[in-house]
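Two complexes come next, and they have one chain in common, chain A, joined by chain B in the first and chain C in the second.
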Partner chain A sequence: MRAYFSAFRMRLRLETQYRGAMIGGILCQLFFGIILVALYRALYAGRPQPIPIEHVTTYVWIQQSLFRMLTSTDVDLYDKIRSGNISYDLCRPVSMYWFYYFRAAAQKLMGSLMRGAPMIAFAALLPRGWGITAPDSLPAFALSIAALFPGFLCMCALENIAIGVTMRTLDPRGISGMLSLLMITFSGNLLPLTLFPDRWQAVIRWLPYSQLLDAPIRLYTGEYAPAEAVWIIPMQFLWAAVLMGLGMWLWDSNRKRLIVQGG
Partner chain B sequence: MNTIKLYVRSMGMLMKSHMQYTSSFILQMLTQLVMEGGEMLAVILVVDRFEKVNQWTGGDLYFFFGMMSVSFYTTEIFARGITGDFPSMVRTGRLDTLMLRPRTIFFQVLCSGTDPRRITCIAVGVASLIIGSRMSGVEWSVLKALALTEAVLMSCMLILGLFLIEAIFSIHSVKSVELVNAITYGGRSACQYPTDIYPRPLKILFTVVAPFALTMQVPAAWILGKPLYGWPAWTAFVTPLSGAAVLALMIVLFNRGMKYYRSTGS
Partner chain C sequence: MSYIEVNGLKKSFTVKKKREKGKLFREKQIVEALKGISFSVDRGELVGYIGPNGAGKSTTVKILSGILTPDGGEATVGGRVPWQERREYVRHIGVVFGQRSQLWWDVPIIDSFSLLKDIYRLSEADYSSRLKELSEALQLEELMRTPLRLLSLGQRMRAELCGSLLHRPELLFLDEPTIGLDAVSKLALRDFLKWENSEHGTTVMLTTHDMEDIAALCSRVMVLGHGRKLYDGKLPELLEKYDTVRTVNVKYDAAHPELVLPEGVSAEWNDSELSLSYSPSKLPTAQLLALLQDAGRISEMTLQPENIDHLIAAMYKEMDL
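The block that comes next holds the complex of A and B.
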């Protein structure tokens, strides 16, 4: 267990290094957030929806702030897969899956905290209807934070599945590229899931992708009542377990068919 | 003429190299198709829920989306050297080799890359333009076709010009500047929709500073028969020229920037 935690800690430190790039990234993400909010406000002006605009802008800001949690990937690992250096990792007396799981977790956690915290602070300063609103109630807030944890576990598990696929195809731009597109679309980053057609939502809310950020955000804004957390949070954990199982199976079968060439 | 021949030849060579891994190439083209399809899906879902925004109907919104998609990805196909690889050329010192050859740096960089996978993105854009013009009942004429061609051409120049800003920055600071993405990719996201729906600061930004509104939306709105900002018809042919102006200015600045270029070594 200690080995995994030190992998986690090392990766945390690495993530805090590039501060200059981070500030540029934050400003860029803020700009995207403002454009999206302006767009939804214009759309709402013509035809108000049952979901209040404050909830939509809150949705946009949380999604934009935690964007790195969804998208940041371990570039080094992809290089290792392509070059074959991943075979060195077989020498470590740890489970490869969990070793990289903890690394991905550290990267996603630190990357999104460092960018997300200032962005949420900025969004909280914006006037009502532009920025992020206060949570629906205190229990709603506590439960949304609690729901972020299994959501985060799902995100790291999805990341490892994408890597497992890349181990087979060797090219991250093919199938795993498609997987990340699915994630961007059905996690609510492209368009808030609350604005999807109602009949689609009935299905989408059960998919693994909506467990990541959509479920916590809906708990926060009160779209899901606090009482509903009784089945939402267990469902998130269930998906996390399923995705981890799938990823471990994928990594395991990859390890068996791995051929290390000499030289 | 010689220059054009050189450009065509280098594009041909790059295409050949892209075609070496056929199955990977096809798969990547499919990925691009799904990606741009996803972007269009967002517009479709917006139209499904909101039906229209201000005076713009669903068809109009598809038309604007198509304009952006076709212009942006055409630029990516023909000028990938600038839009993609330039910062890494500076960082790795590959740019140095270009200085030995008897052609301008800008031209050689332009010849150094293409991204043919984007062709499927353009296909999505074209489909969106066709669907949009059908739904909005556009009656095509020679003049309108000309306006559309001019708009796409000038928008490509504008987009190339905006990417040159990033190139100029990367000459000075070596590391690529993520912030400049706000104006290129941010501009793409924002101006998929007509700019007159945005609040004043954004409207000014995309009309004056990064004039997407002038190069693609004024003519598009004229084609749809609903002039943007209520401007007269002749503006549909004049304002797009700002794209060429931005590109010319940026090429001058780029050449000036190259005077200060210091190689990073190898």
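The block that comes next holds the complex of A and C.
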């Protein structure tokens, strides 16, 4: 375990070095946040939806603030995969899957905290109907934070699946590009899942992607009642376990291929 | 039983060729990288492993470091089979690959070392005494807080060596460690490897194209070509076999003096300068020198130092590599 925590700590610290990327990321996400909010306000002006506009703007801002949790990728690792240097990680007495899982977790955590904290502060200052509103209730707030943890585990597990796919195709475009498109769409980053047609939502809410940020945000806004957390949070953990299992299987079969075919 | 035992090791790779026009499937080609290699290495030996590009050197190193599984044959290192129980096995070995890095690019090297401490579960005391020892021997103290990306190639290689030896491996694999290094860095690296080998009895297996590395470090050399072992023994004995011709350049005070050379010596005159090649086994060097001196006053003379690369090239040629 020591090795994994050590890798986690090191990646946390490393992430704080990329301040230029942080400022760039904040500006970019602020831009998207404002555009999306304006877009939904225009939509509501024409045709009001059953979900209150404050919930939608809160949804948009939390998604934009934690964008880095969904999409940060480890450039070093992709380089290693392309060049074949990844095979030299087999010379270490650790599990590669968990080593890179913890590395990804640190990158996502620090990257999104550094960008998310100032953005949420900014969005909280905006007028109601433009920015973030307060949580529905204190239990709703506590449960949304609690649900963020298994959601985070799922995000890191999905990242490792994308890496596992890249190990096969050797190129982060292609299939893993499609995976990230699925992620952006069905996590609610592009269009809040609450605005999808009801019949779509009946399916989408069970997908792994809605466990990431959608479930915590809906608990926050009160879309999901606090009592519903009894099955939401276990489902998130279940998906985390499934995604980890899938990723480990993928990495293990990649490792065997690597061992047979060479670096 | 020796420390490393390799017996009939085989490995082939499937290479997919580009699809030719008019054909539905890509053709596959099987490349036999190792065609049955056997050798043994004792604990504490410093072995050089040479051969032209594509001879199978790296494949052997990858198999012995647990990265690749062979198609056939056996290998044990210290009684362990590298590709079985890989994670336990790699605790006891260190690897340095000249063109690849195992340290983190953007962080100070001391942080990479402390991560390695946790990866190999070293105790604080053990780690700090070993780090102190290595950083002194490799002159890394000043560089500890510098990120890897800011180091020169020579400094980086020293840092890599330190990283691969922190956990006191019994066996160290070096794959072209001096590639791209300047003369000073090369010499320092060789001195360090000799020191580590004699101080701690670390067994070292070194692949290189730099014959000076082998001459300076290795008591034993193995030559590999086309996936087969072609020579295994001492370097001087190997060179003797191919070291048949020497070149001498002589400059006389007067132009073109009278000189009768025995048969088998080819000479070329250029005014007062003579360049000739002979084989010391047929004509003893002392005898030749006496002849040359009798012919006139010599103002300058050089005996071409044996160029190890030429010898190796001649050897590869004879072995049909």
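Following the convention adopted for this analysis, the second predicted complex is superposed on the first by the 258 of 263 C-alpha atoms of A that agree within 3 Å, B and C clash if a C-alpha of one lies under 4 Å from a C-alpha of the other, contacts with A are read in each partner's own complex, and residues count from 1 in each chain.
Note that in this section contacts are C-beta pairs under 8 Å (C-beta built on N, C-alpha and C of every residue); 3 or more make two chains touch, one makes a residue touch a chain.
Keep in mind it's a predicted model, so treat the numbers as computed, not measured.
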| Just chain B (first), just chain C (second), both, or neither: which does A:Leu238 touch? | neither
| query | A:Ala146 contacts which: chain B (first), chain C (second), both, neither? | reply | neither
| said: Going by the contact rule set out at the top, does A:Ile51 touch chain B (first), chain C (second), both, or neither? | reply: neither
| request: Mind working out whether A:Leu246 is in touch with chain B, chain C, both or neither, as first, second, both or neither? | output: neither
| message | Taking the superposition on A as described, I'd like to know which of chain B and chain C A:Leu12 touches: first, second, both or neither. | response | neither
| task | Would you mind checking which one, chain B or chain C, touches more residues on chain A? | result | B
| task | Could you look at A:Ala42 and tell me whether it touches chain B, chain C, both or neither (first, second, both, neither)? | result | first
| task | Scan A:Val94 for contacts with chain B and chain C and give back first, second, both or neither. | result | second
| On chain A, what residues does chain B touch that chain C touches as well? | none
| request: Name, in rising order, each residue of chain A that touches chain C in their complex. | output: 2-3, 5-7, 10, 13-14, 17, 76, 83, 85, 87-88, 90-95, 258-263
| query | In their complex, what parts of chain A are in touch with chain B? | reply | 20-21, 24-25, 27-28, 31-32, 34-36, 38-39, 42-47, 49, 171, 173-175, 177-178, 181, 184-185, 190-191, 195-197
| field | Interface residues, chain B side, partner chain A - complex | value | 24, 27-28, 30-31, 34-35, 38-39, 41-42, 45-46, 48-54, 175, 177-179, 181-182, 186, 189-190, 193, 197-199, 202
| note | Listed in rising order, chain C residues that touch chain A in their complex are 13-14, 59, 62, 65-69, 83, 86-88, 90-91, 93, 95, 97, 100-102, 104-107, 111, 114-115, 117-121
